[in-house]
Amino acid sequence: MNILSLFPAVPLVMMLGLWLSKSTRQIHAVMVAGSSLLVALAVVLVVQYLGLRGAGETAPMLFTASHVWYAPLNIHYAVGVDGISVAMLLLSAVIVFTGTFASWQMTTDIKAYFLWFCLLSVGVFGFFVSVDLFTMFMFYEVALIPMYLLIGVWGSGRKEYAAMKLTLMLMGGSALLLIGILGIYFGAGATTMNIQEIAALHNIPLSLQRIWFPLVFVGFGVLGALFPFHTWSPDGHASAPTAVSMLHAGVLMKLGGYGCFRIAMYLLPDAAQELSWIFIVLTTVSVVYGAFAACVQTDLKYINAYSSVSHCGLVLFAVLMMNTAAGTGAVLQMLSHGLMTALFFALIGMIYGRTHTRDIRQLGGLMKVMPFLAVGYVIAGLANLGLPGLSGFVAEMTIFNGAFMHPDTFHRVVTVIACTSIVITAVYILRVVGKILYGTCDNPEHLKLSDATWDERLSVICLVAAIAGMGLAPLWVSDMIRGSVSEIIAHILS
Amino acid sequence: MDYTSIFTLMRAEVTLTAILVLVFLYDLVAGERGRRRFSAVVCGLLVVQVAASLLPGGEGELFGGMFQYHPMHGIVKGVLAVGALVVCLQADTWLRREDTRHKQGEFYILILSTLLGMYFMIGAGNFLLFFIGLELASVPTACLVAFDKYKRYSAEAGAKYILCALFSSGLMLYGISFLYGTTGTLYFGDMAALLDGSPLQVMALVFFFSGLGFKISLVPFHLWTADSYQGAPTAVTSYLSVVSKGAAAFVLLTVLVKVFAPMVREWQTLLWIVTVLSITVANLFAIRQRDLKRFMAFSSISQAGYIMLAVIGGSALGMTSLVFYVLVYMAANLAVFGVLSVVEQHTGGKVGLEDYNGFGKTNPRLALGMTLALFSLAGIPPFAGFFSKFFVFAAAFEGGFHGLVFIALVNTVISLYYYLLIVKAMYITPNDTPVAAFRADRCTRISLAICMAGVLLLGVVSAVYDGINLFSFGL
Amino acid sequence: MYFTLLVVVILTAIALVAVALGIARAISPRSYNPQKGEAYECGIPTRGRSWMQFKVGYYLFAILFLMFDVETVFLFSWAVVVQELGVYGLVSILFFLLVLILGLAYAWRKGALEWK
Amino acid sequence: MIKMEYYLVVSTILMFVGIYGFVTRRNLLAMLISVELILNSVDINFVVFNRFLFPGQLEGFFFTLFAIGISAAETAVAIAIIINIYRNIRNIDAKSLREMKW
Amino acid sequence: MFDFSIITSWVHGMLTSVMPLGLAVFIECVMVGVCLLLMYAVIAVVMIFMERKVCAAFQCRLGPVRVGFWGLLQVPADVLKMLTKEIITIRRSDKFLYNLAPYIVILASVLAFACLPVSKGLEVLDFNVGVFFLMAASSIGVVGILLAGWSSNNKYSLIGAMRSGAQMISYELSIGLSILTIIVLTDTMQFSEIVARQADGWFLFKGHIPALVAFVIYLIAGNAEVNRGPFDLPEAESELTAGYHTEYSGMHFGLFYVAEFVNLFIVAGVAATIFLGGWMPLHVAGWEGFNAVMDCIPGFVWFFGKAFFVVWLLMWIKWTFPRLRIDQILTLEWKYLVPIGLANLLLMVIVVVFKLHF
């Protein structure tokens, strides 16, 4: 079996194991074993990938395999990875692993919870390994629907509303996507669903591209929290249980950026060039608006959710800049945002689990009460505002560098505008950190709270390590990515 | 006349007739003990029927083109027989009740005769046989709808069904009469050659279409649907929503392709409007429903709209997609109705949406089955519904109906909303007095297992689709 | 030709009744008495509405009749050509009759033929 | 000789009277009768087309024959159901069937 | 054999020679109508008289003897009496239907009557679906009876009408089946053709056992079809006064009465036509002399002879058997006559298909 097929297969096997397990211990065992295996697989994949590239392998996609699935529509089960996907797989594996530990304290109906969680990861992994439009889309939708139940059943707050809103908006997005995919397939002569092959054909007429590009881009953009379509994200994140927020903000939103890059722009390059300005404007709005919105929130999760809107907006922004540097930055930003946002949500979940409130007005002085979590929170915050040495800096610098390389005024102006988000980010991060971690602890109840347990520590440490690792040694990641990005960019510009 | 060709080309009909007669005789001679084994007998025979229908065979026609056989017909007949089988399994609990036990035989006979009618409708190569098949399919259905004799709703539903069925067949016949008047033949093949798209024929097409539209319950011909679905016994509702609808949809496609090929532009326009209306209106109405049977009625109307997406292109791809869609829809819808029906039997007739609050806690297996089926209906992967929806969209898209596909897609979102309402009721909404935990009887469990297998496997295992695709034909 | 004759026959029938009744009305005596307007039920004053509900048995037989009467229609058109069709005609109608006979057997077994 | 158009006029009138009746009448039996009018108009159509346009064949006649037979069966079922409604609610007005909305 | 169409065509030729075609046809039509009317009336009168005499004979009485020679004027006297009786319409009846009922009953009976071929070339309606038409036309009668019972606003009438309806429609099946049996043999439905096919032997003899069985069934069912004893419960006087025509008086009642007797004749006439050769003389193969003598007797004599023979048979039955209960009537029909009729039909088909008949 192809190593890539193992990625969606492992969670499936985990689901089977969960189905059969009888006790909480068994469930935990299955989850730990499975998610560790996934991380191991991801690491092996990275090593192999780098090895192959080092050996001079130049094909855009490696580890490819293709099995005919639905012959009449040329649907194949086709897998393959390039640098971007490898990075994403690694990210996903890490998040799934840490998410498992973040859900360690979960008590209600954990069997079903982990079942849906695994289904979610099936979708995520499947999406990143597929190179067939149909399979990709299928995995994309597989990832969406468990969200509904995870948020609706295990969430908190206005969970029903949030779950429904999230599901419907994302399904709306996928509806646009589906028609776009059909448009691409039939526009390219209805002979293949393989992304590489369609790109190679390069035969979709511009008039059709003009129709399908916005649809596909918006379709993925909804998931990537593109400005007018982002409203599901704060509600969804706020209501979701911790691990789901992590997975969602950390990985699922990346599906949007990845899809925009890999499908919308790669397969519909001419329209992408022609229409990119609209979306650049939207993403700029997204970036700035998200940051400003985060400033006025009082709920920790909402703050982080809006921050995600801002950062994911940055991903799309970078993608639309269409040069290698910005593209690389986009992927780095995906990685970085995935990790730090997951860390954020994990920590918020842990704090919430103790204090039962996420309102920053009711929190304060937590640094003394739970130093470990507080330190973690500070690190996440610093990464978020782009402190050098942590992953955020690497990503954002690359993006703005790349974006500014455009000679024309329009691109430069929007880049400058987007840059302001860094400052605003600093404002809201520091405000929160100052309010809840330092200062005095007004609530006597909070003083009795305990610090992180071992499972929480494990997940936080993993994520912090990853963030720091990326910040300190960004080159191997960006090297891995750059080749693939430049390949795609070259195709778009050709 | 060559008798062997009757037995080879009409084998589905011949076996079904034999089964019908056997069941009939069994009903006449069986005593009280024999009655108890009735469902086993019928289901066993239906398995034989499925096998007989699916046996491969060559193309051909009988009685001078009156009856046609195409391997695709065999597949559709097999699919319908599977549907009938599952319905019979699900009806068992209900049929064992005190007030229906003595009517078991009638139920099975009526089901089988409607099935026979559908077979003839599918195999028809002439409007006369088509009409006879249609009526044979719809008249016993009315009896089935009104089967719960002492329930007022059932009788009401039956009356509405039969009146609407009569009305629609009247309209359809009126259409056919003008087709006959303008072409002078009733044979599909001859008629196709003689149609020229004159205004009279367009009118005839509209009438004909409205007749079939009633059977498929497309908006604006859907008025009977909700009431009949609500009033009919649940097993019958599921039969109505799946088997008869599927048959009618397939026939619509074949007739449009075979007979109305010269008027393709006209009927595509017609279908376009009707499809948009069906999907949209039904979805909007479904949101308001609180009775799950009515709810499923509107859901089935919108599903009918999706089926029409496969018809509109008139292509071979469309036909494959249609049959596949019907098969998948059958699995999912029958699963939903299976759960509905068993809950109704165990709770003394509870079918309201709020009755299902907290159902997921007390009966997790049934709730899970229902959830998966609803996801399949909504078109969520990896369940089969996703694949079938994708294929009908692809079929319509291939025909160039981009706007239509777009509208349909937007509607899938709405439909997801209301399907999720049920999921929400089952898993999320708290309830102090949920449906008590119970264990479904064997027949229901078998039927649900079949449906679940369908929901989970039909999409992933592409062999089914490929098998259907081998035999499809189009314009 | 046939049509004309048919009309003539129908008119004749109507004329027959009209003439007979006309003559009768013309020559018969007429007297008014409220008692004459009463329904005659052997001298006992009639009670309740006369248009009452009926035994469902009548309806059952009506339905059965419908089935067999319609069948006769088809049999007639078959009967005139059965000599030409020969064995094929026999076999074809056997099936038709089988259904009919089954229908009768059904009605019999289910007690529809008992006048209770 | 009576022309074909005259017959067609009759059948068309029957058809639309039937449709009108079906839509406006609220008594189930009246609705049933309206439907029968529609079916009869169809029968007339078939016979007339066959007689005047295609005298060499019998398809239209046979169609009519079958249509009559089938509509008889349908009527039997419909009346049975209507009687059952009457037994249940002592009324056959479609208005009183508003328990379930159309 | 004398062909009556010679006369009709002579009349036609004579008329057209002196006047335009349209007028001639009109006059012919009037003549046909008048003849039919007269014949109908005469048959009715004869039947009523015959009924009384036959009934008396079976009951060892004399019957009417006082009015006219041998009581021959009894029936005209009755008619006169009926004409002078007041026609009463009762209150709260459905006036329109009440008055419509006799029209329908008479219409049915006249239509059926007009189908009978009295002699060669002497028939009014001779459709190619004659038998079918006859059955259709005669079954209109039941509508009239139901209307009469319904509109009278009398419980006895209503019950009588319902019973009559149930009985008539039930027995119509057996009539249909027994006639079908013969149609299978003749492969035509035109009365003149049916008669012509019997030139070399009556169907009763040609058709083997099935024809015989069909004839017996036909007689029984025919008797029930016209509501005559032992099947006369629609008007069972001991229970229902006079059944569906209780509320009809004077000539109103008279019309029902007439229709009933003519219907009896029609049943007999149809029996004579399709089983007994109609106006065909009795021929015996090989007996040339005998056949020649038989040929001398005019067709209508043969027809009426056979018809009245059947009428006599039916009267015999009526005055011999006691009245049945309704459940017995329906049992007889549905559990005996219909199954036997169906089996008989199949038997006849087999006979015909394998050429076993004479």
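In order of appearance the chains are A, B, C, D and E, and numbering begins at 1 in each one.
We adopt the following convention: contacts are C-beta pairs under 8 Å (C-beta built on N, C-alpha and C of every residue); 3 or more make two chains touch, one makes a residue touch a chain.
Computed from a prediction, not measured in an experiment: that's the story for all the values here.
Without subunit A, the rest of the assembly holds together as one piece through touching. Of all chains in the assembly, none touches subunit A and also subunit B. With centres taken as mean CA coordinates, the chain nearest to the overall protein centre is B. The greatest centre-to-centre gap from subunit E, using C-alpha centroids, is found for A. On a Cα centroid basis, the chain most remote from subunit C in this structure is A.
Of the two chain pairs shown, B-D and C-E, the one joined by more C-beta contacts is C-E. Centre-to-centre separation between subunit C and subunit E, using Cα means, comes to 15 Å. Annotation: 21 Å between the Cα-based centres of subunit C and subunit D. Once the centre of each chain is set as its mean CA position, subunit B and subunit C turn out to be 40 Å apart.
If each chain is reduced to the centroid of its CA atoms, subunit A and subunit E end up 94 Å from each other.
In subunit A, there is no position where the chain touches two or more neighbouring chains simultaneously. Multi-chain contact residues, meaning those touching two or more other chains, do not occur anywhere in subunit E.
Shared interface positions of subunit D, i.e. residues touching 2 or more other chains, are given as 73. This structure has the following touching chain pairs: A-B, B-C, B-D, C-D, C-E. Residues 15, 18, 22, 28, 31-32, 35, 38-39, 41-42, 45-46, 49-50, 53-54, 57, 59-60, 62-63, 66-67, 70-71, 73-74, 77-78, 81-82, 84-85, 88-89, 97, 99-102 of subunit D are the ones touching subunit B in the complex. Residues 317, 320, 364, 375, 380-382, 386-387, 390-391, 393-394, 397-398, 402, 405-406, 409-410, 412-413, 416-417, 420, 423-424, 427-429, 462, 465-466, 469 of subunit B are the ones touching subunit A in the complex. For subunit C in complex with subunit E, the touching residues are 2, 4-6, 8-17, 20-21, 23-25, 27-31, 36-42, 46, 50-52, 54, 57-58, 61-62, 64-65, 68-69, 72, 75-76, 79-84, 86-87, 89-90, 93-94, 97, 100-101, 104, 107-108, 113-115.
Interface residues of subunit D, counted against subunit C in their complex, comprise 65, 68-69, 72-73, 75-76, 79-80, 83.
Residues of subunit B touching subunit C in their complex: 1, 21, 24-25, 27-28.
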